[in-house]
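Structure in structure tokens, see below.
Letters A, B, C, D, E and F mark the chains in the order given here, with residues in each chain numbered from 1 onward.
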Amino acid sequence: MFLPLLFTISLLFSSSAHASLLDFCVADPSLPDGPSGYSCKNPAQVTVDDFVYHALSIPTNTSNLLKFGVTAAFAPQFPGVNGLGISIARADLGVGGVVPLHTHPGASELIYLAEGTIVGGFISGSANTVYYKTLHKGDVMVFPQGVMHFQFNTGETPATVIASFGSANPGVQVTAFALFGNNLPSSFVEKITFLDEAEVRKLKGVFGGTG
Amino acid sequence: MFLPLLFTISLLFSSSAHASLLDFCVADPSLPDGPSGYSCKNPAQVTVDDFVYHALSIPTNTSNLLKFGVTAAFAPQFPGVNGLGISIARADLGVGGVVPLHTHPGASELIYLAEGTIVGGFISGSANTVYYKTLHKGDVMVFPQGVMHFQFNTGETPATVIASFGSANPGVQVTAFALFGNNLPSSFVEKITFLDEAEVRKLKGVFGGTG
Amino acid sequence: MFLPLLFTISLLFSSSAHASLLDFCVADPSLPDGPSGYSCKNPAQVTVDDFVYHALSIPTNTSNLLKFGVTAAFAPQFPGVNGLGISIARADLGVGGVVPLHTHPGASELIYLAEGTIVGGFISGSANTVYYKTLHKGDVMVFPQGVMHFQFNTGETPATVIASFGSANPGVQVTAFALFGNNLPSSFVEKITFLDEAEVRKLKGVFGGTG
Amino acid sequence: MFLPLLFTISLLFSSSAHASLLDFCVADPSLPDGPSGYSCKNPAQVTVDDFVYHALSIPTNTSNLLKFGVTAAFAPQFPGVNGLGISIARADLGVGGVVPLHTHPGASELIYLAEGTIVGGFISGSANTVYYKTLHKGDVMVFPQGVMHFQFNTGETPATVIASFGSANPGVQVTAFALFGNNLPSSFVEKITFLDEAEVRKLKGVFGGTG
Amino acid sequence: MFLPLLFTISLLFSSSAHASLLDFCVADPSLPDGPSGYSCKNPAQVTVDDFVYHALSIPTNTSNLLKFGVTAAFAPQFPGVNGLGISIARADLGVGGVVPLHTHPGASELIYLAEGTIVGGFISGSANTVYYKTLHKGDVMVFPQGVMHFQFNTGETPATVIASFGSANPGVQVTAFALFGNNLPSSFVEKITFLDEAEVRKLKGVFGGTG
Amino acid sequence: MFLPLLFTISLLFSSSAHASLLDFCVADPSLPDGPSGYSCKNPAQVTVDDFVYHALSIPTNTSNLLKFGVTAAFAPQFPGVNGLGISIARADLGVGGVVPLHTHPGASELIYLAEGTIVGGFISGSANTVYYKTLHKGDVMVFPQGVMHFQFNTGETPATVIASFGSANPGVQVTAFALFGNNLPSSFVEKITFLDEAEVRKLKGVFGGTG
């Protein structure tokens, strides 16, 4: 019968806890993390629920000045993607809503417009060229790694964007928050951005920055 | 004024055709391709339309035995993703429709269930363990690189899946097509899969295989 | 003399335990593992035996229905390859023996036929094209990452295959075991592979699957 | 003698033009480029001058409003680094000079302060935390990939910065130029950055932007 | 029937020449090469013979002073491995034969001793520690990327080594040839190696070096 | 106000200790290290001083036979570069000083000559070709990964070299130390390098080797 063979195979490729490396490495945030991601959860304790994420089914709250909400399924939120080089997020834009200018330092991004009509765009770094276009339901647009991009709702109904990323932890740097939402001294901001003092002070106030 | 500076910067980082490497490398299929993807289109001829893809907005035809249709936006179809390590596809499943068992040799996959109710699952290689779950609208599931996975519609309405990948060219290997849809001799198929001769011959007939 | 220089060099590049990163990272399975492999063993405790593996010198037992045996030297078995992106295995095929259809989700493979005469082949995913050939002693064949491949002994003597991989943990997914050797429900298997119920039930029985 | 051996070795590892891959791949901008860089120059025509770059020895012109000049030795300027994953640049800052806020989408950066006294800093994306410090001659600072960073001269003499990068083509995106130096419509800029209309119009004028 | 489905699938994933990226990228040395390898051969012209290599079945000539011969199956010789990150070679050592000290700048190496008895060893860079051991038929040893390693036959019969590499083009730098087999001036060699003039001149003579 | 939005954003992308992956992964040598580097320091304890390194501002001691001193800022010394793929070092060469022949197994190198006049050179592996040139203050030269390279002061004043690397831990293997500064038996050294016994014994004595 096959039993001797099966026994051989199972010995070689068995997955007793931490005895072998598997196809996946579900994040265990209680262990140290490193440059390539989180340490792996004991595979004996991995279940299908580590590979499924429900929160993207829930519309985010857009009752704010930007009329924008976001739910991320990156490795810290969705342990199953750890080490696999991909992740996903949902963004909702109310009528007139805006995804402010931002970058993902560690990943390129693909957006799929699930609902609504938006303008999506990015600014190419080297050439300082802008690429933007009105997108309709079902359209896809790609934003290269690390460059500034944005979206805003130009339709008369809410919009929903599904964004996928080429990293389990793409990071995010929102330009306005980076400039005005921390303790970078106002005099520095003026010097390195050419904005005038009044503008910087006003936006520091809006975004809760100090200095 | 800034002009001298701007002149300096523009000289250094300018994007005259093929004079510099940019943030992106839009595929030019008329040039040679290599292990890392297609050669880059002359950036002077790149437009926003290289970064936008419309075909995912169109439901695919599910009038076939599988009640399944798919539209891919990989590098060959969507030149803007070339070199960026991501791509996307849309799959439609009619009522009772099936995405047959398959692998992507070159990428992990994240599915977002845009409409309907399906079962999604994968078979982990090393441990030979199965992970599957019923997914509802808005749920996300991840399939690790290279392992067999599948989906089928268990709801009473059509389902639409948006699948994103951690490669601009994830590849695909459908198990049944690989076994029965080519000229791999039937005697080989039987020997390496343990299927019996009648079954192999029947499915060779269904999938158009020879030998 | 050189002593001052040697002292300087040794301070800079010394390898006191965990004080510096070395050329190698021998696996320590008692520490957490991550997406890039196992944690590194304290280099002070590394010996040449971490870099040498003897078990491939021993013919494997082929007294089973497949007339096939395998010994792997992947990172879990051979800690010296951890982090180095390579590994190796030995397969023996008795007369008529078969290496069943399988994939390695994480690595390309090169086989060197040390003894005997076999057919080696793979099925290219995208094009669904089959490449196979009779190999004689000393021949080499390459199987691209993630695609289905197989070997079987067509000679009148046992065959021995030395297989090397482009990963310290290539993983393995044997098609028949994935389909019939676990608790994937029979009805799922039929739906996603097009095999008929009788065949699935029979092979579930052979491979010990349930459901 | 060694001649038979030398003949064997030279046949195997010889470098006739395009007959073998070498340790290096000097850029040939007349051939197509791809995601991993430029095509390789015929090795028979490679000379030591492909691996040496002189222009960093020349102080750059800082007679501009920013009192800032830069000379880059990226793959387009310095073909020897093509494919090697590193590059270098020189920046000069007159008294009061500023390297405006910018990112490198494709590389982390290390600066070595060859002359002068500057403040160097970066804004971490995820945590929106600012790290900055006064640097003196000989100090080194690292800026992680893709995050906003800046420098300005706080000393009473000119400063010279040698910046090295973990990519042969790190790219650059200067925040102010991205916002104000192209045809991104003013109304878009306001919406995605929260800057007011007067400020945007003023800086569009300064940086030559339109729209 | 399946025909509509098959038609859809075949359109999406078809492999008309240069219309899609495949699982493999067989080297076409007549096209430009780049940092990631050779350009891909038109897949319509790829045959199984691109994936099979025969020359390792032939013992190499060891009738030289080193009693050493080698046959490499790297990407320039074996186009099927291009882009797959693996390659293989065969080395023969007559009685008393020596594989001289060398490095592979671009790959780690695994040796499988197919015949004979040898000493295999490497010198770890950072720690300047030597790891060596007598190997018998069937033993495996790993040499980390870029470090000096060697083998010599200590048995009473010829030895055959099968060496696999984690790169399609690992490169090779034989220490003695690098020092004495080119036009590096003798005075340089003495200065940077501490060897005395007589020794350098003698070995320049042996290895055909000039200067 | 923005507060609801800010609250949302801060929840998603917040950096509570070990709760999320950041732009950086400052080395914590008290935790396990792995193939991709050290584990990450708790981000709450990271300060700007983790990203700044002062020791390169201090001339190294060149009062030794080689008239050569070096200070490295690799991951073990400079925790901020961990995981970022770059590092840096300073080398000083007195008049007549020499950087002996060596390799970096894990990185390509770029040198910037901050002071003095030197000859810099490398020996290409595959082609066994030497590339060297006299460099003057401000010149840059690149050495491909893993190949032997060297520098020596040919001027009448001390020279200072700033070397940057495409790895946070490039490693180093000094040829003479590897041959003569450890316990590799003299008979082995002779056999694998072709040096004669007297020379090996003499240099073993100089470099403190045994055996």
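Heads up, the rule we're going with is that contacts are C-beta pairs under 8 Å (C-beta built on N, C-alpha and C of every residue); 3 or more make two chains touch, one makes a residue touch a chain.
These numbers were taken from a predicted model, which means no experiment stands behind them.
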Contact distance in steps, from subunit C to subunit E: 1
For subunit A and subunit E, chains touching each: B, C, D, F
A-D or A-F - the one linked by more C-beta pairs in contact: A-D
Candidate from D-E, C-E or A-B with the same interface as C-F, over half of contact pairs in common: D-E
Same or different residue numbers at the subunit D/subunit E copy interface, by half rule: different
Distance from the mean Cα position of subunit E to that of subunit B, given in whole angstrom: 34
Distance between the centres, which are taken as Cα means, of subunit F and subunit B, whole angstrom: 41
Euclidean distance of C-alpha centroids - subunit E vs subunit F, Å: 26
Overlap residues in subunit F, where contacts from two or more other chains coincide: 13, 20-23, 32-38, 105-106, 121, 125-126, 128-129, 132, 144-147, 171-172, 174, 177, 181, 206-207
Chain-level touch network, classified as line, ring, star, complete or other: other
Pairs of chains found to touch, sorted by chain label: A-B, A-C, A-D, A-F, B-C, B-D, B-E, C-E, C-F, D-E, D-F, E-F
List of subunit C residues in touch with subunit E within their complex: 13-15, 20-24, 43, 47-49, 51-54, 56-58, 73, 78, 80-81, 84-88, 90, 107-110, 112, 114, 120-122, 124-129, 131-133, 135-147, 162, 164-166
Subunit D-touching residues of subunit E, taken from the complex the two chains share: 29, 32-38, 60-61, 63-66, 68-72, 74-77, 105-106, 168-169, 171-172, 174, 177, 181, 206-208
In the complex, subunit B residues that touch subunit C: 98-101, 103-106, 119, 121, 123, 125-126, 128-130, 132, 144-148, 150, 152, 171-184, 188, 191-196, 199, 202-203, 206-207
Residue ranges of subunit C in contact with subunit F within the complex: 1-6, 8-9, 12-13, 18-23, 25, 28, 31-40, 82-83
